[in-house]
Amino acid sequence: MSTQPSKELETFPNPRPERDFVLHMRVPEFTCLCPKTGQPDFATIYLDYVPDERCVELKSLKLYMWSFRDQGAFHEAITNEMLDDLVRATAPRYMKVTAEFYVRGGIYTTVVAEHRKPGWQPEPKVELA
Amino acid sequence: MSTQPSKELETFPNPRPERDFVLHMRVPEFTCLCPKTGQPDFATIYLDYVPDERCVELKSLKLYMWSFRDQGAFHEAITNEMLDDLVRATAPRYMKVTAEFYVRGGIYTTVVAEHRKPGWQPEPKVELA
Amino acid sequence: MSTQPSKELETFPNPRPERDFVLHMRVPEFTCLCPKTGQPDFATIYLDYVPDERCVELKSLKLYMWSFRDQGAFHEAITNEMLDDLVRATAPRYMKVTAEFYVRGGIYTTVVAEHRKPGWQPEPKVELA
Amino acid sequence: MSTQPSKELETFPNPRPERDFVLHMRVPEFTCLCPKTGQPDFATIYLDYVPDERCVELKSLKLYMWSFRDQGAFHEAITNEMLDDLVRATAPRYMKVTAEFYVRGGIYTTVVAEHRKPGWQPEPKVELA
Amino acid sequence: MSTQPSKELETFPNPRPERDFVLHMRVPEFTCLCPKTGQPDFATIYLDYVPDERCVELKSLKLYMWSFRDQGAFHEAITNEMLDDLVRATAPRYMKVTAEFYVRGGIYTTVVAEHRKPGWQPEPKVELA
Amino acid sequence: MSTQPSKELETFPNPRPERDFVLHMRVPEFTCLCPKTGQPDFATIYLDYVPDERCVELKSLKLYMWSFRDQGAFHEAITNEMLDDLVRATAPRYMKVTAEFYVRGGIYTTVVAEHRKPGWQPEPKVELA
Amino acid sequence: MSTQPSKELETFPNPRPERDFVLHMRVPEFTCLCPKTGQPDFATIYLDYVPDERCVELKSLKLYMWSFRDQGAFHEAITNEMLDDLVRATAPRYMKVTAEFYVRGGIYTTVVAEHRKPGWQPEPKVELA
Amino acid sequence: MSTQPSKELETFPNPRPERDFVLHMRVPEFTCLCPKTGQPDFATIYLDYVPDERCVELKSLKLYMWSFRDQGAFHEAITNEMLDDLVRATAPRYMKVTAEFYVRGGIYTTVVAEHRKPGWQPEPKVELA
Amino acid sequence: MSTQPSKELETFPNPRPERDFVLHMRVPEFTCLCPKTGQPDFATIYLDYVPDERCVELKSLKLYMWSFRDQGAFHEAITNEMLDDLVRATAPRYMKVTAEFYVRGGIYTTVVAEHRKPGWQPEPKVELA
Amino acid sequence: MSTQPSKELETFPNPRPERDFVLHMRVPEFTCLCPKTGQPDFATIYLDYVPDERCVELKSLKLYMWSFRDQGAFHEAITNEMLDDLVRATAPRYMKVTAEFYVRGGIYTTVVAEHRKPGWQPEPKVELA
């Protein structure tokens, strides 16, 4: 695996596919370009998912995030694109991408998109006291 | 698009209308006038919505917020007016406006109003562990 | 309207009665007397409600809060009394009073009481991702 | 009422028994002894309840908390014992005791136990926007 | 019980098995090795459970956590392994293990896995105002 | 000592007058009246001092703070008056009164006044790494 | 005194001119216009001073802050202008104006300017342990 | 060394007496009795010192803190007593005891006392940018 | 002025050169490249200065920060280079650059460098109570 | 450079030796063993220094921190040993090591040791308003 920015997401087999478990990943170092002005945008990306057969490999996720550094992208489009890429690579039971952008024009914008595998149902939540 | 305060809200086509995704916007720089005393009021405005065919354009939202600067408006009325304007411009699946006003007479007031497109149902929420 | 403490709560017509919207009010400056010892008690009062035909006028709410300054009142009783007074004045769809008292005998006490208009149902909550 | 530690919990009549209202009490000054080593343990105790006919008197609750000062008690057992004592004294509609213990062996332990009066149902929760 | 790292988890009888109560445990001092690079990883471990017949003994839990100090383990695998070990030792009604790992490659990862005893149902949650 | 508001400050002999030591006291429950409008003002009072022969008695300080409840007083004047009263009662080596008032007209005001015993010098401060 | 924005600052006699005491004032509701773009700027203003013969009147300070609402002003210039106006009105022993501006172009700017009365010396600071 | 509360403070030789270095110790679990009412008091104790020939042994410090559990002691006196005991045991170059007591009568009290070895001078502080 | 990244720093005349005043600027959106690995580095930059004849223009500072986006630079070198560039452009009385880098290898690094104009002395600091 | 734990500290030439600048480094992932019990200890290490001819290389510092993983060491001794090693490797103008240990026996301990190059003087600190 090179250490170049890359759109290819590596995966590895889920070590416990018989159980629905959850992965939360926070990526505070994300930058892309504004497609209108060409100026840098900054964001924190959150990835939350329930893996099925494959998990995202950590270093490859980092290189994937890096791959947006010189890419122009609207807030709404880039969040959906990330979700599409990650779903294509891992075919998860559930996945959510949250992109928390830095202030522009005095306004803070966060975009959230999620994917559910057809037929998959979360187990009813146990809420402890 | 001018850089004058404006009640006209620009929109652009939703890049992913086949998916219910969420936009959270926070506007910490908002001021209007008290209709009783004419004195300035200050607030932070929150906009949360699920777009249908159109998204709110960021710069135009900023000019829209600016348009209240010289307008007298009661807390309860202005929050509902904003929601009406934004719903008219974007016809969203779901939208919520929250206006968190600065203290007056020793009392902090927040007003929250929401709109739901008839027939639209949110997908059952997945609550991860 | 005088600027004397007053048990009379002024109201004004709800500017948008066709929509269920929410008002949150926080009153950090509240003091009354302990009915057992006569010593001052301090609290922060929270008022959350969905108006029906009438909204509470802000200045009158402040004078109402002031009216407890020389009144002896147990924690449990005063919270219910406030709710009764505010419900009588505004006949809201929903109302909740929370009284967060300052420490006494090393113990922090908060009392919460709510009222629901018979037959009124909250719209099913939309929980965004 | 003496100012000695005491297992006896005083109560007073609920001033508004026709309404389900809530009491939250936080007791940050609690200490008992570890039954294995005899060394002091420290905790913060939280009491949350919906009274039925009787409320817990504040000063008596303080003396009750004091009564554990020289008592050896395991984390799991003491939390359940407190709940049993408080339920016996007040026969509440609902009650929860939370004991947040200070670190031991590098591990922080919190124990939560609750009681529900048979047949009592909480009103469906109103979640405001 | 020795003070050596140990995979053996001691338990003791649940003092109140007729009641569903909850234990929350936080272990901020956890370290293992990255199986790819051999370098140290650090995490905070959270254990939340409803005991059935047995509770985890605190000191033994500490020695168990210590036992990972020289063990290579992937984030996803180690969290599931811990849950398996703890379930085997205590056969709880419900158990959840959360492992919050320290940043690697600029990414923070948290893994959450839970176990439910077949047939066990949590009591419907009482949400107080 | 009565439990009535009182301008009389009780004192007791400094237990260690041969050493310059420091007392910090924070009084978050303070209220007086605005002399212009008669409306309540709220503040947190801080007292910091190096005692000489006498220390302020805690309960008497509480009753002294209570004595301002029905007194009209400007922010600047009341802070200096408190300092004068406390200096008269204890003749300290050093004393500072800080009054942090609640917002009025959108402005937060804090007033700080201090007294130094003639000829007294603080020991040069040891600032640890 | 009118309730119109006004550049005139009212003062009143210092109630304790024989003592150097300190006033801290925080004004979180301040807005002016950017002289280059005409767009609104927002800031929090802090005023710290040691009065000599005159103190700033609170309501007049609020109207003075309001007077900048329609005024174009660079960050550096407006802070110095405020200090000049306040010094002219009160001739203090010491005064400092801090203007903490809201983010522009991704950069947060704070400007601080101070004035010292010629010949005035602060008392050597007493730093308590 | 026993595990009984004990007024005897164990020490060990300073491993680096040729260098002035600093020890900060925080003891959040401290309780004693109020000498007037016999009721429990709680505090957090801070110990900061520059050792000379001897350092305080950690476990012995814990047992020393425990020794106050059944002792009546005024805030001002107990802080000075601790400092005296710790100075006697370790004869440090510099030592400071801070006792932050829990609220009583609505007032939070902190007492700070320090000792300096005659002739000892702290090195002039290096304040980094 | 273009909206391209640029090493040229625009300045404007100090509006109040006869007074030593202070500018604090915080730039949370900064990224450059690691010269060893070519991978992105992220930092928050702080600029604090006392202007002499010239002030840094805000938009030009933003473009200057952008100019490092594709530049390889060691933490220690880049901080000193920024200070050199900013001093050359503005010749300030005093300037400090602080670069707070994001974690690498589990270690957080901050670099601070400052410049003082020969012969310039800060006024003795007034520390208010 | 290997990726094994190592006591050898790599350095590189200071890129700007003609200027006194400051490096702050925070290492939250540190663990060693208690020399008395053999059990793990955890700490956060802070390194602050003014380099002279050499700077500490980041990766080598990480491997150095790793080298304590299997080493028994008292709090006071290990902090001084680190300072000695780092001073030997870099011969800095000024260096400070702070070791903030995790709670043991209910007590939090922090040790701070510093080194000054003979004859070196810090520039008088500029404290901005």
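Read from first to last, the chains carry the letters A, B, C, D, E, F, G, H, I and J; within each, the first residue is number 1.
By definition in this document, a contact is a pair of C-beta atoms (placed from the backbone, for glycine too) under 8 Å apart; a residue touches a chain by one contact, two chains touch by 3 or more.
Molecules present, by chain and UniProt name: A, B, C, D, E, F, G, H, I, J = NADPH-dependent 7-cyano-7-deazaguanine reductase.
For clarity, every value in this text was computed on a predicted model and none was experimentally measured.
Visitor: Name whichever of G-J and G-I has more C-beta pairs touching across its two chains.
Guide: Comparing G-I with G-J, the pair joined by more C-beta contacts is G-I.
Visitor: Chain D to chain I: how many Å between their CA centres?
Guide: 55
Visitor: Would you mind pulling out the distance in Å between where the CA atoms of chain E average out and where those of chain F do?
Guide: So the centroids are 51 Å from each other.
Visitor: Averaging only over C-alpha atoms, locate the centres of chain D and chain J and give their separation in whole Å.
Guide: Whole-Å distance between the two chain centres: 47.
Visitor: What whole-number Å value describes the gap between the mean CA coordinates of chain C and chain G?
Guide: 37
Visitor: Hey, what residues on chain F touch two or more of the other chains?
Guide: Answer for chain F, listing residues that touch two or more other chains: 21-22, 24, 28-29, 96, 102, 106, 112-114, 128-129.
Visitor: Name the touching chain pairs, please: which are they?
Guide: So, checking each combination of chains, I get A-B, A-C, A-D, A-E, A-G, A-I, B-C, B-D, B-E, B-F, B-G, C-D, C-E, C-F, C-H, D-E, D-H, D-J, E-I, E-J, F-G, F-H, F-I, F-J, G-H, G-I, G-J, H-I, H-J, I-J as the touching pairs.
Visitor: In the complex formed with chain E, which residues of chain A make contact?
Guide: 14-16, 19, 21-29, 51, 55, 58-59, 61-62, 123, 126-129
Visitor: What part of chain G is in contact with chain B in the complex they form?
Guide: 3, 28-29, 31, 37-40, 42, 66, 69, 102
Visitor: Name, in rising order, each residue of chain H that touches chain I in their complex.
Guide: 128-129
Visitor: Report the residues of chain C in contact with chain H in the complex, numbered from low to high.
Guide: Touching chain H: residues 102-103, 106 of chain C.
Visitor: In the complex, go through chain H and note every residue touching chain G.
Guide: 96, 98, 112-114
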